[in-house]
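Note that chain A is present in both complexes that follow, paired respectively with chain B and with chain C.
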Partner chain A sequence: MSVQQDKHNVSLEWIKDQLNGFADLIDRTLVAPFGQIDLLYIKSVADGQILSRNVITPFYEMENINAYHNYILTYPGTEEETTREKAIELLLSGYILLGLNDTFCFFDAMNREISGVNETSAESISQGPSDALTEDIAINLNMIRRRYQSTNLKMETMVIGDVSKTKVAILYDISRVDPNVLAELREKMNTLKVDILQAMGELEKFLSSDSLRILPKSIVTERPDRVVFNLSEGKVAIMLDTTGYAIVLPSIFNDFFTSMDDKIQLPIVGRFLKLLRIIGVCMTLWLPAIYVTLTAYNPEIIRVQVALLISGSRATVPYPSFVEVLLMLMMMEFLTEASLRLPKAIGPTATTVGGLILGQAATAAGLVGNIMIILVSAVAISNFLIPLNMMSLSIRVLKYIFLFAAAFLGLVGVVVCVVGFAMYLCNQRSFGQPYFRLFFLDNLGKKKGGEH
Partner chain B sequence: MRRVLGGIGITLLLLLSGCDFKEIDLRIFVLAIGVDQGAEEGGFKISLKLAIPQGDVTKIDEKVQILTEESPNISEALRRMKSRVEKELDYSHCKSIVLGEAVARKDILHVMDWAVRRRDMQLILNFAIGRPEALQVLQVRPESERIPSNSLILAMSGQGTESPFISSVYSFQLMRNIYEKGIDPILPIIEAKGEKEFLINKIALLNNEKIKMVLTPNETRIYNLLSRPNLRTNLPAHSEGVMYQYYTERSSSHYKILTPEHGKATIRYHIKIKGILEESSSPDLVTHSMLEKIAVAGGKELEADVLALLTKIQASGLDPFGWGLHYGARHFNNDTEMEVWEGLYAGLDFQVKAEVNIKYSGLIQ
Partner chain C sequence: MAKSRYFYCLFLMNSLINIINYVPRELIDRRFAGALMSVLIGTIFGTLFVYIFTVLIAKFPGKGFPEIFYSLLPKKLAKTLLLLFAGLWCVAGGVTLLSFVDITLRFISPDSSPYTVVISFLVLVCICCRFDSLSILYGLEIILSVTLPLIIYGLVKALANPDFNWDSVLQVTTYFWHKPDLMSLSAATFSFSGYLNLAIFNRVFHGLKLKHVWILGVEGLSVLLLTFLVPIGYFGTVAIDRHVYTWFSTADSIRMENFIIERMLFIFYFAYLSLSLVSVIVLWHGGLELLKGAISSVKKQSPKAERWKEWSILGLFSAMVLSLMGLDQYELNMFGAWFLQIRWFGEMFIIALLFYCYRKVRRGSL
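For the complex of A and B:
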């Protein structure tokens, strides 16, 4: 069992030299009648209780040093490693170095300061599980394993970040995953060179190279059930220690409009909800542009009654309609951002002040039309129908492109933009998968869990 | 290569001319145009009905402005009117053109041509004849009207009232009927009854340029029954000294032009009506067998009315139903068919068969 340590490689002196300046480095020698051991560990990452219960107390109860050595080796986390780099890494992650006679052992006494399993905050649904992924990868993996009990669920781990040494786990169902995707992902992960990796978004950014892209190509989610659902569809999930989120890829456009509610509700209700979301996206994208087109270029499209209504509501407005729309949309963006940043206790104030007073006062003062206020609210509300935050933000930005096209070119501009947007969507690929395809799986019936 | 093609495509799309940038509140919408004869010979008196939008929607109060200008031609009159308002005149929402009766009795071609030719006027605006003058019709403001000129739009489009006496004619239809061989145009007549009311219950039959004949309200209804399906109206039936009125829930009419080798050419009309009894002058119980009798009597009366209308139209030499077109479409002697038809027309015979089915007496006793 015991392997002779290479004294040339790992020595206590060398390690101590490397860890010079660590105020929390503890170096002790325990002496018993039959022999002595050296203890070396970093206090802040090692758990003192585990140390005293599992390492120190047994030492004084043992009869000789070999029995103690064998006892230490029975722990599953114990390692006997040879290289210098590995030794430092283990110490930094909370292992305890035990010097027994001439050999070294690394005893797992990692101290995990974890946050417990919380409820989902960004992707909450009305019915269904409310557990969110935690910041500890072990708990996350536990949550996934519990929901996906199959031997096909494979996991690869790696460490990314020269300084942060972030643990990354790649999960996939070997029987369903597309090997090309996996190969491409591995290649990208291996070439990744960063110092600090702290957020899922960063990793996502590294994985997709195109810097001008506006649409997200992988889902960043905090819901374990979404991860499991996507694993069953043959996708790859990437989990990062200390983040609380998982990336799912390859993701197509349609995936961003799937909420976990859809499967909980009755099929017709689920489809209706999805339809609502799609209508919502169309509204939030095109409503401002269409308003500008209809008021400034082509009022003949709408009915005469509506035309007169808009004309009447705009009678006092001094600016052209696209300035009016832009002004109100910016106001709305400020409001959304402000209420996000405000502390929870005064959050509602922003909505009251902004929504009620601003809207009311702006129309009363004649700076914007009544219909404009309705429109801006509709745009704001329908934007929040999108279940995933990243897509929601992308759509929020995209609508300005349509607005500017409408302001400068009228209906022709809007049509050109819609055609261009459709072309752009069709042209996109997410890890080799067509981005704009309707469903991720070709034949929905064959694989369970593939129902949208 | 693809990228270049895409780029070229988008550039070409962007070169398309859209409309001009003009804010909606800087436009003033013309909702109806009236064309009357001017004081000078050959001149026009053009009236525009302009809608003035209100800022306060809660206070419903329609505001209308009517501009009138005389000129030897229509375009000139419109240009002159531009300098009488502060906003740009916008004709895109113009929904009706009313021709004064005097104009319609003289020549409608000029006005029709102008309305169809102008690019910013839609081809789906309603043409009508105004009595006594177009201006008077434009000035009518019904009490129930909330949006300027809305009553005219609603009445003529069939969105509002579903009167069996109204038939609307779009400008594209008018043009088509004028230029097409074998069909003659019609136009509804709008009569102004004072300041607050109008009456649309007659149609005028035109040859290709002016009014030839005006149908009575009853004839107008029969005309509508023959020219469109599911006309909702009441029709009379007299049976055993009692007067009944039935409501037509469903109606359809078809005709065939029969040209036997020997004998006269005949147009055979077949009208089917499904009705409900609506009114009876006697309080007696109406049984199922009586319903059948009433239906037969009603059918007879309808046949007589239809036949009278058809012969009247034939006597005038007009063809508002498009029988000639129908004949031409089913004969392949393309060079001569219309001449043949003209020869046949005066000697046409009519057969009318009305199949009335009254299925319900209206009461359960």
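For the complex of A and C:
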């Protein structure tokens, strides 16, 4: 046999050689009156119960080796002919190598340590389904298929990550998806080169190459109903094994302000909630900048009473309003971050200490104005109105740009920045689709790359 | 591809912008000498120009001026024409910027340095006008949808004011039967020249079909009349002479009772500054593309060389604006007036040229 051919042939010795140093590698030979089989598997990833129930017990109940071989082949997960690389891959993922006579087959005995279906934690809503995606791709696909029972729902799978070998599934509705998006996505996925892929966010980052971007172009969600809703709108969902999230793309600016609640509520109520979110975003983005403009540059814009009120509350503050705003915003960011990292038991304490005592004391000491405290809490609260975490973080960062513009240029700076921001949004494309437009509903769902 | 509604956006933008851009000044200067007649005649001319131009350019779907000229005119001539037009577009944007710098200093922040203001405008405009045409149209639509309600609110508020002096307005209308003069005609037609942006933006329109051109005429006429008559209603037929930026002075005379913001001026300033910035972006995008067309070489250039070219063109434009910063208000006004006239003749010339190109295509295809 030539070396070339030998490369593709699986031999027990070669596999054992490759797996040398695995303390949990089990290599057994079972002997029965009619013959013997070799068992090779990795204990930590293979399920012992499946092994003994489906592989070992039948072996001793059979009459000859061929019947046993046929029996093994009836299992849906069993694989027979493979290459060397594939063989190692299968063993590492929990398959059992069965050596029968001179042939090999791989028996699926994967041991899945997974958490069951939990409730959503990051995107909770008051009414409606509360199941979240799990860390197992099979269960996730089951959840999607159950909600989307159509032959048009197609799925492609691939493996990404040289070391982690993460299973990735791409789902789309073939009758609604934009083929250009799909082609671009496939091209990007195929050129992807990473060692470890563990989180949805990483994949999202690899997919959009622009390192300077500040706005997310694809939704990372943990809600199966959101995935299904987006699939029905002609979007593509990517699922990753071992993460409890899915990516939905292409996503436009408006998608990040849609909560799954909006569909459940009465139409007018849904619109109202959406309006609230838009106002919230405007407030969290521009309130600090407007405050700086009004106190430092153009107090004549507002009513005299309000202007006097603000400057009265700032009477004891020893530095310009820009420093004041920046200081308090920073304190607020620290608080948010701290309460996120702290164990759940201490979290509320941190918020109380920070929010209540610090805020009170800071005004009493005259370091910041009273109105400033109200403003900062308004900014913080309105920021949390955004249903998707990635967008909410982006907005949190963006407000500083407006703040700096206001500090250096006053009203002119704010207006210039607002126009620039609008133009920037309009210039963005998410997989070829315009990211931000006025009539974003123009051709939703039925889009086929035609007119915008 | 863009829908036809973006054309209306371009038109609306230009007609609204004319409120700040020397047009009311020129009209009001001739309020006893045929301004009203000019407005009427200008409306007819303007609508006619819009109609002819859009019909002609629709014969070249997806093509901008550079593509049309290079395929139908001698190469040298095409280059010269594009260069001239690029200059016109650049000045159009520059004039708006300069007047807004002046307005900012006069009404909003008298303390800040004019150069800080103009440089912040220039940075924004230069970054944004390199975007692709479709994005700019989307942006224009967004900004219009925000500013238009504010502007309409301002206009309604202005007209509903009990102190608005209708007698002055009526008095001015008695001077209707005067023969129109060139200056006010070219000022009046400026309200309609938004269609010229199609010179470049036609690249994203495929088969532009306008349904109701008369709406454009009515809109242009009403904006012109408001531009011209509302300041007169506020300041009187004679005292209006003393105001340079008549509309900003008018807006500053309006008080809003029910808001945290009391003075209309700031609403008006916000709306008009954002609209003007977008209009400068639109104009300079046109200028940039025209100039790029004028100096384009046959061989394909690398993206890096392309970027250098764009930035040097924009540098040139910015240098033009900065060099004009030295002008005082009177000279700026003269400059604006000259620009308005030259632009009008340019418009006629462009339409004639386009007609010639169209004839040539027709003859070629027969």
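One rule holds for everything that comes next: the second predicted complex is superposed on the first by the 430 of 452 C-alpha atoms of A that agree within 3 Å, B and C clash if a C-alpha of one lies under 4 Å from a C-alpha of the other, contacts with A are read in each partner's own complex, and residues count from 1 in each chain.
Keep this in mind: contacts are C-beta pairs under 8 Å (C-beta built on N, C-alpha and C of every residue); 3 or more make two chains touch, one makes a residue touch a chain.
Since we're looking at a predicted model, the values are computed, not measured.
Engineer: Record, for the superposition on chain A, whether partners chain B and chain C clash or fit.
Structural biologist: On the shared chain A, the partners clash.
Engineer: Output check: A:S321 vs chain B and chain C. Expected answer is one of first, second, both, neither. What do you get?
Structural biologist: Once the two structures are laid over each other on A, A:S321 reaches chain B alone.
Engineer: Check whether A:F106 is in contact with chain B, with chain C, with both or with neither, and answer first, second, both or neither.
Structural biologist: Neither partner.
Engineer: With the two structures laid over each other on chain A, which partner does A:S311 touch: chain B (first), chain C (second), both, or neither?
Structural biologist: first
Engineer: Looking at the overlay, what does A:Y148 touch: chain B (first), chain C (second), both, or neither?
Structural biologist: A:Y148: touches no partner chain.
Engineer: If we overlay the two complexes on their shared chain A, which of chain B and chain C does A:T295 touch? Say first, second, both or neither.
Structural biologist: After superposition on chain A, A:T295 lies in contact with chain B alone.
Engineer: Does chain B (first) or chain C (second) touch A:V412, or do both, or does neither?
Structural biologist: both
Engineer: Just checking: does A:N370 make contact with chain B only, chain C only, both, or neither of them? Give me first, second, both or neither.
Structural biologist: first
Engineer: Regarding the shared-chain residue A:F59, is it in contact with chain B (first), chain C (second), both, or neither?
Structural biologist: Neither chain B nor chain C is touched by A:F59.
Engineer: Please work out whether A:F431 is in contact with chain B alone, chain C alone, both, or neither, and reply first, second, both or neither.
Structural biologist: So A:F431 meets neither chain B nor chain C here.
Engineer: With the two structures fitted on A, what stretch of chain C runs into chain B, 40-48, 112-120, 202-210 or 292-300?
Structural biologist: 112-120
Engineer: Once the two structures are fitted together, what part of chain A is touched by chain B and by chain C alike?
Structural biologist: Residues common to the chain A contacts of chain C and of chain B are 297-298, 300, 304, 409-413, 415-416, 419-420, 423, listed in rising order.
Engineer: For the complex, give me every residue of chain A touching chain B.
Structural biologist: Interface residues on chain A, with respect to chain B: 294-300, 304-305, 307-317, 320-321, 370, 409-413, 415-416, 419-420, 423.
Engineer: If we count contacts the way the header does, which residues on chain B are in touch with chain A in the complex?
Structural biologist: 6, 10, 13-14, 16-25, 27, 29, 31, 51, 53-57, 90, 92-93, 95, 122, 147-148, 150, 153
Engineer: Which positions of chain C touch chain A when the two form their complex?
Structural biologist: Touching chain A from chain C are residues 1-3, 104, 108-109, 112, 116-117, 120-121, 124, 127-128, 131-132, 134-136, 138-139, 141-143, 145, 260-263, 266, 269-270, 273-274, 277-278, 281.
Engineer: Enumerate the contact residues on chain A facing chain C in the complex.
Structural biologist: Within the complex, chain A contacts chain C at residues 297-298, 300-304, 306, 409-413, 415-416, 418-420, 422-427, 434, 436-438, 450-452.
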